[in-house]
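Two complexes, one shared chain (chain A), two partners (chain B, chain C).
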Partner chain A sequence: MANMIPISTTTVGSGGVSSIAFTGIPQTYTDLVIYLSTRASAASDSVGLRFNGDSGSNYAYRYILGNGATATAGTGTTTYTLGGRQPESTFTANTFGSASFYIPNYTSIYYKSVSSDGVSENNATTAMAQLTGSLWNNISPINSITIIPGSGNFVQYSSATLYGIRKY
Partner chain B sequence: MPLPSTMTPIATNTLTSNLASGVITFSNIPQTYTDLVIVAVGQGYTSSSYGNLQVQFNGDTGTNYSSTELKEFAGTASSSRRTTQSYLFATSFLDAGSASLLVGTSIINVFNYANTTTFKSTLSRGNLPGFKTELNVGLWRSTAAITSLTLTANDTPINAGASFTLYGIKAA
Partner chain C sequence: MTDTKIVVDCSTGETTVVTLTSEEIAQREADAAAFAEAEAARVAAEEAKAELKSSAKAKLIAGQPLTAEEADTLVI
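Let's look at the complex of A and B:
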């Protein structure tokens, strides 16, 4: 029996949205996976997750990033997990970025770690590929996830799907 | 990393007590899937930074493994190679001590594991909160179908609560 189960999916309609939310997440899976196909309305290409509405500076991140020319890395703390990448408004039209987030043991009593990979393709010299490891410094089970862009909106036809994985 | 919707759990091992040996074995792996995925979540007992999570296939202890690492560590990007190894370096494995709330995650993909024609390749993603994030590509130079695999954490014991799950993926 396949045990990677789609829980919810959202496709953004006309006008775009400032965030995508999954609420009332069942507590019956082992891990969660999110796949994104998104594009930004603003000149910002980052995408991240916020858990249980926590907008405090409780998310640590570390990443390695390639832009087509150089590889860089960094660490820090912010108000959401980093990890996703999406084309900015100036990138090639009709191009959407791809990202995945793997959240193991989301109902556990430990801090929650997130492994994410994201890319933003562009028919130009610069495009981004990023690997990120994040940590939400909170022991609460995750019952809601809000996906947010660095600034602006997710444009129409952006989509997000939340999956649950069972290990039994 | 992307995981297809045909992901099926084959076996899981959740530690109810500290594992002194640091060794987890999955044997009699069905040959009916296309790829394998291993998800390891947990921590080592020691309070140092991290150790290695290593893989051997079919009990092969010969120097038939190699890997390439791309990582962020201490805010710096770097890459390194391991050749003629007696194990496959999958990812680092967090050593968080006995009381920490931190856990590390390793996701190991093993491609086309049942074929008897080609060497076997892997793609592994490690997330160690507070220490590093990494991507590793590995090779086992054997054409044998993979029927068993052993995970070994070289810093022991592995703390109770850690879980190791083997999934099979079928192509459409």
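Let's look at the complex of A and C:
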């Protein structure tokens, strides 16, 4: 039976922050899970992950996205995993988006896959819901994860929680 | 306003708010630029698809032949 064990959690304080980093991640679990409740200070509703500080173009992704009017899909390579969504600064006040990332076999010596889902919140026509599969083209075990907004800051009361999955 | 980040050290449980270094600020700006480029490409593709779909619908109603790209928006 798998157990989902909270490792660490944090909530953004007054003034916001540009990123949230979990460092010193224990190598004793099989998989990792991150849950986010965030809101952007800028006109950008994306959230992504960077592993071990790797800022190279080593993250491939494929997504399907609905915005309330149209659905699109796409693929590409970038400098961190995409996938999360959050309300941008123009969206309905006092709302926060939800996103989750599942990272299996994060201690393995193979490339790391990530599956994620994210939704923004907006009392209007446009609000995003996205499913994304990503691949970090690196064989290093993951020991740190930085959570990055597309632009701007995470506002106060945004939160992030890291869990470990133990399958025994 | 000073740019900061939260660092949670899972090995100690300690959480700190750290001011970004000049390198981290530069990286942050590069990340934002990369994201803006990817987002612009996504939005352009979305708009192009919507335009093709609209054109395909108008031609169907008018009984006119569709282009292959227009048909692709209607047939999966």
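Going forward, the second predicted complex is superposed on the first by the 166 of 168 C-alpha atoms of A that agree within 3 Å, B and C clash if a C-alpha of one lies under 4 Å from a C-alpha of the other, contacts with A are read in each partner's own complex, and residues count from 1 in each chain.
Going forward, a residue touches a chain if its C-beta (ideal position, glycine included) is under 8 Å from a C-beta of that chain, and two chains touch if they have at least 3 such contacts.
These figures come from a predicted structure and were not determined experimentally.
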First (chain B), second (chain C), both or neither touched by A:72: both
Partner chain in contact with A:113 - chain B first, chain C second, else both or neither: first
Touching partner for A:104 - first (chain B), second (chain C), both, neither: first
Touched partner set for A:93, first chain B, second chain C, both or neither: neither
Which superposed partner A:135 touches (first chain B, second chain C, both, neither): first
Common ground on chain A, meaning residues reached by chain C in one complex and by chain B in the other: 65, 72, 74
Parts of chain A lying in touch with chain B, wherever the complex brings them together: 1-4, 6, 30-31, 33, 35, 60, 62-65, 71-75, 100, 102, 104-105, 108-111, 113-115, 117, 131-135, 139, 163, 165-168
Footprint of chain C on chain A - complex, ascending: 7-8, 10, 12-13, 15, 17-26, 44, 46, 48, 55, 65, 67, 70, 72, 74, 76, 78-80, 82, 146, 148, 150-151, 162
Residue numbers on chain B that touch chain A, as the complex places them: 1-9, 12, 39, 41, 70-77, 101-105, 107, 125-130, 132-135, 161, 163, 165, 167
In the complex, chain C residues that touch chain A: 1, 3-13, 15, 17, 20, 27-28, 30-32, 34-36, 38-39, 41-42, 45-46, 49-50
